[in-house]
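Each of the next two complexes has chain A plus one other chain: chain B in the first, chain C in the second.
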Partner chain A sequence: MSRDSVRWAATFVALTLAAVLFRADISFVISATFFAIFAMSWSFFTSYSGYLNLGHVIFIGMGGYTSAILNYHLDWPMPVSIVIGSIVGTLLGWLYLNPIHKRVSGLSFEMVSFLSIIALTNLVLSGYARPLTNGDLGLSPLDGIFSTLGFAIGIAALLCLFGYGYSRFLSSNSGKIVDFARESQDIVRTAGADPHRYTGRLLLLSGLLASTGGALYVHYSGAAVVSNTFELAFMIRIVVIAIIGGRFSLYGSIVGAYFVVFAGFLLKPVVSSHIEFLIIYGLGFAIYFLWPKGLISILEVAIRRVVPGRKSVQ
Partner chain B sequence: MPVLEVRDVGKVFPGVIALGGVTLNIEQGEVRGLIGPNGAGKSTLITTIMGVHRPDSGSIWFRGEDISRMHIWDRVRKGLNATHQTALYVPELSIRRHIELGIMVNGFPATDVMLIAETVGLEGEMDENPDVLSALGAKKLEIAKALSTRPSFIMLDECFAGLSFEEGMEVIEIIRKIAEERQLTVLVVDHNLALVERVAHVTTVIDRGVVIAEGTFEELFSNQDVVDAYMG
Partner chain C sequence: MFENVVYVIIYGLIFASLYGIMTVGFSLVCGLGGFFDIALPAYFMVGAFMIVELSPYLGNGTMLIVAPGLGLLCVAHYLLFIRPQRDNPYRVFFATILLALGVESLMAKFFSSGYTFKIAPLLSGNVNIFDVEIRQQLLLGGAVGWIALFGLRYISHNTNIGRAVIGIPQSVRGSQVIGLDVVRIQAIVYGVGGVLLALGAYFYGGYLGVSVHMWAYPLVIMFTITTVGGLGSINGIMIATVLVGWLEVAVVTFIDPRIRAFVILSLAIAILIFRPRGLAGKRIG
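Right after this comes the complex of A and B.
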């Protein structure tokens, strides 16, 4: 067995244990896993391609809304809606973002992707789209997914399966070419390849997980609304989670998501939600300031103490 | 038929005519020199041949095919490559990985890595990062990177710049070796006339974006235009 498969299997076991341990509050476990899915899929593209993607929620929203529309308007069975939603969401998001990332880089890509989600949020809420999206009421009720231990373990499996796939991609030839493309597109061009072919693959794989997560998430939430799909605040939450956890590590997103969601779990009974976010994001900022590589870098040191000779976690 | 034909190529940058209609024919197996004062347009000519810029006028033909509108990577796949005036590398990635890149991208056998390393003399530093390289080492890495795509024609920009005479001779040895072993056609671009003279069969002189002379060094320096370009 490869090192990657051992690590991701271990991660799956750890997440399953956490789910069993916290089964009385399973909705928090599920919520953390969803955010881990969104953050890991975001950082897979953003950290390894060198493009800061502020339009990642396009995948989530396209996947979510497609599944919701099929289920709500056409009464398609939920599992079918989710599968179609995941695929359609991935393709729509990719067909939109891939050409943009080819044309503009750096700050321009950030601006365009950011403005896109503002535009999409407004489009979804607008009169034109209302027959399809129900505007700010959203599409509700949808066939729901319940907060069960089984579902918690199921999406943990989805997360770890993609984590494993992502790790394999990064250590493949394509991943090695991406390592160069991230730092210098010219070096890849003069080696005989279009760098965007490789960063485009990252984007597609990033979108596939995000869109699948988005389709599942609207059914889990019971509604497709902008606040759990296209909205800027949702995008920011994903970015913050990935950064707190450590965005140059796929595992970092999981650590970040569990940290933020469980900090919220502990604070919720004690303080108002504004104070809660202030504390969590303030803490996140402090962590980022002290350990720019995120919580995962602290965890790594701890792991290395317990398991001597272990190489750094990718 | 020449391997490379540059036909009346013009390239204008804001406020500067970098190339004012350059025509250049290079034959298979030739080691051609290209000299000219600073700002003459040598690097622009190379980058335009590579496809970094589109020519504003004229066309570029490689092995009988008009490549003027091709992407850089397609030109590379056709057998064209060049070294950069300022070495282009990623400081965090090893020298080995830099050489592997072109091999991986093109699906060439992994055995190419060591062959190339030995050809340029980098086999001892493969696991170092490029930052540790001397000026000569950086030139070697540039050549190695270009060789990794198995070119049939290679352009070396400023290939002696920043090197001592002895180091320049070492680069010349590499150029001779690759020209012979790999049947490469080479365009050698530099300021150092003494070194270019030692390696080039024929040399082209450009000044202010136009070719002003072509021939052996003896012919060139009996030409008043060339002398003026270099003295003036």
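Right after this comes the complex of A and C.
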């Protein structure tokens, strides 16, 4: 067995144990896993390609809304809606963002992706899209997925499966080319390869997980509304989770998601929501300043003390 | 129809000036440093609340305290949070997102998040121009905004510091070689940007009300104007702000108010994709 497969199997066991231990509050475990899915898929493209993608929720929203429209308007069975939603969401998001990332980079790409999600939110809420999206009210009720231990383990399996696939991609020749392209696209071009071809693959894989997560998430939430798909606040939450966990690590997104969701879980009964967010964002700010590589770097140091000579994880 | 056209022209110019003064600091900082400071729109909201809180005590003199106060706050923000990491645009971006969200949460603790506060106007009553009723306060805001923008344009073309602000984005290393103190110039831009943010907060908040979520739309506007005009260009800001102001009011008047952001943002996205340097700025990305 490869080192990656052992690591991701161990991560799956850890997430399953967390689900069993917190069975009474299984909805928090599921929320944390969903955010881990979104943050990991975002981090996979953003951290390894060097393009800061602020339009990642386009995948989530396209997947979520496609699945919701099929289920709500056409009465398609939920599993079929989710599968088609995931595929359509991935393709639409990729067909939009891939040509843009080929054409612009750096600050321009950040701005285009950022402005795109606000434009899309505005379009989804507008009167023109209302017959399809139901505007502010969103599409509800949808056929729902319930908070069960089985579902928590199922999405943990999805997360770890993609995590394993991502790790394999990053250690493959394509991953190495992406690494070079992040440092200098000219080097890759000089070697006769098109860097965008490889970063485009990264975007496609990133979008596939995000879109699948989005399609599942709207059914889990029971509604497709902008606040759980396209909204800027949702995007920012994903970014914050990835930063807190550690942006350059796939495992960091999982750590960040569980940290933020469970910090909220612990703080909710004690303080108001504003103070809860203040504490979480304050902690995030402090963590980012003190440990720019995120919580995963602290965890790695702790693990290295227990298991000397262990290499850092991706 | 004629009234509507006049309405679009006048209101477009007024909002253009307000958006322009809100964006100057953001855009120049982007040009100088090559990073986005997301905390600036949050300070815009802080400035509006400072005006709400202080105006019962200071009356018409409120802005004399708030404008320099916000300028100093922005300079302190630069020295504390931005300067140590200004060479890493991603770090600045992430840190300022967290900071902006923290500021919003903090303000929501002190001011009810679901409530919109009012700012007492300096001038009350309306003016009639070609049968279009315009609030005197808004007209004053538009005039102050345009004076500030043309003043900045004059300074940027006729003073050493202004030329430095425009020149540094062309080559930071070259600027340092000829002895320009980039940190000092960035701090000055933050200070001036803060003062203008306070002015924008006074007139914009006075028209639409003040709430803890009021920084989100200005953030979009700042991004759009910076994109359309081009980084670090005052001429670009002035052209872009007029385009955005007119387009926004025209969409609201002639098409559908609910798609105003979509139309403006589509313009910005198209410009970014097909002319990444903007209408009058240097090439970015």
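A few remarks follow.
Rule of thumb we're sticking to: the second predicted complex is superposed on the first by the 314 of 314 C-alpha atoms of A that agree within 3 Å, B and C clash if a C-alpha of one lies under 4 Å from a C-alpha of the other, contacts with A are read in each partner's own complex, and residues count from 1 in each chain.
Just so we're on the same page, a residue touches a chain if its C-beta (ideal position, glycine included) is under 8 Å from a C-beta of that chain, and two chains touch if they have at least 3 such contacts.
Predicted, not measured: the structure shown is a model, and the values here were computed from it.
Residue contacts after overlaying the shared chain place A:Asp179 against chain B, while chain C stays out of touching range.
By the touch criterion defined above, A:Gly192 reaches chain B but does not reach chain C.
Of the two partner chains placed by superposition, A:Ser2 touches none, neither chain B nor chain C. In the superposition on chain A, A:Ser105 contacts chain C only, with no contact to chain B.
Residue contacts after overlaying the shared chain place A:Ser227 against neither chain B nor chain C.
Of the two partner chains, chain C is the only one touched by A:Leu52; chain B is not. Contacts of A:Gly127 after superposition on the shared chain: chain C is touched, whereas chain B is not. With both complexes placed on chain A, chain A has more residues touched by C than by the other of chain B and chain C. Comparing which residues of chain A touch chain B with which touch chain C, the overlap is empty. If you check the complex, the residues on chain A that touch chain B are 173, 176-177, 179-180, 183-184, 186-194. Residues 30, 34, 36, 89-91, 93-95, 97-99, 101-102, 105-106, 108-109, 113, 216, 220, 223-224, 226-227, 231, 256, 258-259, 261-262, 265-266, 268-269, 272-273, 276, 284-285 of chain C are the ones that touch chain A when the two sit in their complex.
Note for the complex: chain B touches chain A at residues 50, 71-73, 76-77, 81-82, 88-90, 92-93, 97-98, 100-102, 104-106, 145-146, 148-149. Those residues of chain A that touch chain C in the shared complex are 52, 100, 103-112, 114-116, 118-119, 122-123, 125-128, 232, 236, 239-240, 243, 247, 272, 274-275, 277-278, 281-282, 284-285, 288-289, 292.
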